[in-house]
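This structure is in structure tokens; I'll ask about it shortly.
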Amino acid sequence: MNSLSEIIAFLLISSLTLGAAIAAVGLRNIVHCGLSLAVFFVGVAGLYLLLGAEFIGFIQLLVYVGAVAVLIMFVILLTRPEDEAAKLPGLRWRQLPGVLIAAGVFLVIYLAIMRSPSLLRDVPEPAALSIQAVGEALVSGHLLALMAIGVLLTAALIGAALFAMEGEDGK
Amino acid sequence: MLPTETQPQTQRIRPALNFAARRPWCTLALLIAAALVVGTGVLFLLNLKAPGLLTAALMDALSDPGQAPVLLKQGLLNYLENGWSFAPWMLELTSIFMVIGTLLAVFGVIFALTSLVERKVLARIQNRFGPNRVGPWGLFQPLADAVKMLIKEDIVPTGADKVLHLLAPIIMLVPALLVLAILPYGPGMAPIELGVGILFFFALGATTEVGVFMAGWGSNNKYSLIGAMRSIAQMISYEIPLFLAALSVVMLSGSLSPDAIVSAQSGYAFSFVPHWFVFTPWGFAGFVLFFTAALAESNRSPFDLPEGESELVAGHMTEYSGFKYAVFFMAEYIGLLGICGFAVALFLGGWHAPLPWLEWIPGYLWFFIKLYSLVLLAIWVRGTVPRMRGDHLMGFAWKFMIPMGFAIILAAAVWHYAGGGVLGWVASAVIVLMPYLALGRVVSIQYPASRRVYRFSES
Amino acid sequence: MADSSWIPYLLCLIPLLPLAAAGVTALARPSRRRQASILTIATLSVAFVLALVLFVQVVGAGGGEAEAVFRRSFNFTWFEFGASSLRLGLLLDPLNAGMLVMVSFVGLLICIYSVGYMKEDANFARFFGFLALFSFAMLGLLVANSLLLLFICWELVGLASYLLIGFWYQKPAAVAASRKAFITTRIGDLGLFLGMIWLYSESGTMLFYDGGAGLLEASSLTHLTTTFTIGGMALSTATALLIFCGAAGKSGQFPLHVWLPDAMEGPTPVSALIHAATMVAAGVFLVARAFPLFAASADPDVVSTALQVVTWVGAITAVFAACIAVAQTDIKRILAFSTISQLGYMMLALGLGGISAGIFHLIAHAFFKALLFLGAGSVIHGCHDVQDIRRMGGLRRFMPLTFATYAVGMMALSGFPFLFSGFWSKEEILHLAHVWPVSSLPFYLALFGAFLTAFYMTRQMAYVFFGSYRGSHSPHESPGVMTVPLMLLATGAVLLSLIATPAWSWFHHFIEGGQTHFEMAAIFEGWGLMLLSIVLVGSGVGIGWWLYGRQVLTVDGPDALEQKVPRLYQALAQRLYVDEFYEATVIRLQRMLACLAEILERRVWAGAVMLVAAAFRAVSRLSRNIDRSFFNGGFDQGCSSLRGSGGRVARWQNGDIQTYLGWIGSGVVLLLIFFAWL
Amino acid sequence: MISLPIFLILSAILFSLGLFAVLSRHSMILLLIGVELMLASANLNFIAFWRFGPHPEAMTGALFVLFSIAVAAAEAAVGLSLILLIYRHLRSTNPKDVNSLHG
């Protein structure tokens, strides 16, 4: 995957993703953070498409942009204090340790990647992810995981609904 | 400022300047459009080469009306390649823009037409005439509307989040337009033959919600925000039955690609009943479910309470005017057209003719006929059914439509394993009918129908 | 042999259908009255049809092979523990095939009758649920091929009986009666349980028939008869006697009969179904089922001890209960004592070795006693819940249908010659008793019992149906739903006589094997005996009519018999003081033991406990003082220093999740560096 | 030019950004956003390794991402409802205020 158009697409999408990610963690207005997160998810979906995983990419759009980002937005609105603007404090000296640790983690991973020459193997172009194959793999080899996910999602649905429900004591 | 006799020169120019100063967006759009038209014309006039190829392309297209658009495009590309010696990447780009241009033109016209037809039909339903002043039968009303929209002032409220306020209509429109890219208009005529087309459609539908949120939040208006929140909740809720109904078709045709789904509906039983999915028990139920959820998904009546004007002014569009409002308007109509197009592809056999001896009519015409019938149906529903109450709306989605969706999937599975014959008919009809009756009973007990009581003179 | 693999399914279905009905009724709302009754009746009808199918199968199979008795057992493993396993089984043989038909038929009729009888009751659905439960248990008891399964159903039958006797739990008498019935039968069941366990520990199986390895088959019986236990008694005798305890308790044999008259507090259909026709016969059935065990003896020429006991108990019960019945005034109580007496006859027959005689008497008795009870119920219903026969009279004019059917039942019970089933069954028993080698006393007792039976039934008829009406409300005939079962039962009571006459003793051969031939002359084989019994019955009826029929009866005046022999009458009316005897002995002894236990508890044990407690209290006071002064001081010092340092460390745990995560993150970084590069 | 290490470095950057948000931002919603970032970067890694790995036909990476997306959705739902619950009790979404278990 080294054609010019692909490189341009990669540069565009990755810069969009990075920019959106920086905006999502760095902006002071929390609503903007949430929207940047949605853009970030779109970018990641684009990266998936670029990598040939169409199915995963659209699932990512459907689940993250359509559901998770919107859910986060709902919660942002529901937890907005009435009297103050939805602004967070900006960067302070107290946040320096966080920055340092994050940078440390990045450095460590970066060094690890750079020191692994085996990653730079040239691989033949594989066929795109076939949905048929994914479906068959899901219901054959990964059936148990699929079931477990189903149970987990049901439990999460019920649990979230119970949490969010107005209790008799609350309010 | 009163015009005076002493300033004849400026008086003549000022309206144009005022227009440009107040409406930079419209001016820009108009300028770009003018530049495109003029530029293309000039290029064409300067460099008309190899007219034989152009004629050949036209003849080709005329010889096979069923494939006319495709052949025309190929001929034009051929002409550009040989006559103008375009580089491959230029050809690719031209091809893309030709498709986009055609789609925009066709759907632009349909959108304009629909905005008029809707008003006319609604008017007839309500025993009125509807717009009939501009042009014959009011036919130029859309143009007048467009001009009015474009020259209106673009209001941005104080305290609004300006960036979001601007981006919202664009984010609404883009997914709506993108949907058009994967609709199978005719045999081999889908602009993009995407293997996961259905998924793409739903992913784009999900993206629209972000736009609604941006509009609602960016306007800094409580009506906008409440309307947006309602709208999002409604869209998320109705996306599930929409998906479930589509899933039954996906299960039966074994593909996520709209093309393959349309191909799976080819052929006729007894040589006059087409093999459309809508003519099976589960398919019929799925189509009704899909269409109902589609009405809710595109915020149309009777599910239009996010913008119910009696309580929320215009929902998330309250603070929009002028060009941005027009974009919203367009996004909504294009979204309706797209979703109806999907309903046609999934259940109504796409571009297949309803009867064997009608197959000489080109497939894309059938597609648009079916598409427009569904749009008319939506307009009819809008003129007939009153708006639902908020709690009824959500209850209907979660307590009726989603369980029905599961029942339809079950019925489709039974149909598949019964092999379609009489047994499949009976079994899947029973599986659809039983939950329908049971759930209908539950819903009608929970939300009993009663006379609406109007209290005009109280309070 | 034809394929018989379908038999076990039918055998399963017959009891399980009523169970399903009981389950549904228990789960449904109590207001579902129609549903409960229809369900119970429908399942019982199906069970009856299935029982008929099985019966026909058994009859057909028995006819083909001359001598062998048709017997199929279907065994399965219930559960395993270690090497051994517990097996249960189903059984089909002529004995239970006939019983199945009888129980399901009588049960069905009584259910139909109950629809009318219980119409006004608020707990209609519950009643039918209990009836279905009872039917399940009773039918299960019949098809069991395992002593354990039989015991389970046996106890379930007892439970259903308990529930139904106490059905009108608002009445203290009903509650007391149900408790009495439950406890008394439990005393007998203890014996059955012990016998069952003993048999299992000795032979390692509880199956009756298991292809040669079952309890009642030759190898096991040989083992049991040759093993001796306490007092030189054969093991088979000991276990048989224990099992007989259970049978006696359930069948109301002397001295465990006391619960049965009291059980009449329950609704009349219950009395008819459980306490006359089926459940009380379960004891007789058990003895018949386990007959090889009872009869087993080392020396085949000697009558086994167990059978002798059964004979004596049966004979004594027969006469004893008949005597008491003479002086009762409650219509149902008379029938109850009559039931006890007839059960005694059945036991007598079994003890004399006549299974077919006993079982035929059982089935015949089920029909006519159910008929009598239902007739009594009809009378009670018609007289507005009056049970005292002195307050009735002249009812033959008011309820002719009831009178006619009741008369048929009465004649069957008293053994009117030739036409009625009771005559032939009793005749066979008398014949057996006459030829019994051990003693001739049971024969005379049985004769006396027959005389008494005729006498008290005549007395009852005279009181209830003749003379003039002495009650306050005007009586009326019962509805069709009640009279039709009466007529059906009456027909059965008459027709049954056809299958067991000496001329064509089909039933005898059906149960015990052998070919049946019709031989008219055989009727008069034992003509002397027959004549004697006819004379006795005639005299019973005659004396009864002479005492009660001729004169005008009154409500408050002394009984006719009381005028003649007042002291005897009083003793009989008080049921020969058996209850009082139990009150004075068993119950008083138990009270004394309770008192003694209380005194011991209060004075002796409590004193010792108090003493120990005081000692401990003193020691603990000492300990506390030492603790306070010595240890606490030093310990407090240590604690406070620890607390100070702990507080300093605890500040690290500041409750801020981001700090924790920061530490984790830096730890991860350091670990990665350490493992990757150091 | 576009090869595995580039994607890995990209995802490492995304991961560090998420970690930063989790460690330093004063809002639980931003904490959750950071977690989502980290999850997405992990998913990106899976996809990249699947695409450039020796056995793309096994689809293990892609399937893992599928499951991971489902788990992440569940996590987000539960996490957000927890935030809502905490907000209802404390009227705050600052993680520094949720410290009633401090020493």
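In order of appearance the chains are A, B, C and D, and numbering begins at 1 in each one.
Basically, contacts are C-beta pairs under 8 Å (C-beta built on N, C-alpha and C of every residue); 3 or more make two chains touch, one makes a residue touch a chain.
These figures come from a predicted structure and were not determined experimentally.
Graph distance from chain A to chain B, where chains that touch are one step apart, equals 1. By number of C-beta pairs in contact, A-D leads over the other of A-C and A-D. Separation between the centroids of chain B and chain D, computed from CA atoms only, is 35 Å.
Chain B and chain C have CA centres that are 79 Å apart.
Put simply, the C-alpha centre of chain A and that of chain C have 74 angstrom between them. Per-chain CA centroids place chain A at a distance of 6 Å from chain D. Under the contact definition stated at the top, the residues of chain A that touch 2 or more other chains are 55, 59, 67, 74, 97-98, 101-102, 105. Among the residues of chain D, those touching two or more other chains are numbered 19, 23-24.
Which chains touch which is summed up as A-B, A-C, A-D, C-D. Residue ranges of chain A in contact with chain D, taken from their complex: 1-2, 6-7, 10, 14, 17-18, 21-22, 24-25, 30, 33-34, 37, 40-41, 44, 47-48, 51-53, 55-56, 59-60, 63-64, 67-68, 71-72, 74-76, 78-79, 81, 88-89, 94-95, 97-99, 101-103, 105-106, 109-110, 113-114, 119-121, 123, 126, 129, 133-134, 137-138, 142, 145, 149, 152-153, 155-157, 159-161, 163-164, 170-171.
If you check the complex, the residues on chain C that touch chain D are 647, 649-658, 661-662, 665.
Chain A meets chain B in the complex at residues 31-32, 35, 38, 42, 45, 54-55, 58-59, 61-62, 65-67, 69-70, 73-74, 77, 128, 131-132.
Remark: chain D residues 19, 22-24, 31, 95-96, 98-103 touch chain C in the complex. Against chain A, in their complex, chain B makes its touches with residues 161, 164, 194-196, 199-200, 202-207, 209-210, 213-214, 217, 225, 229, 232, 236, 239, 254, 256.
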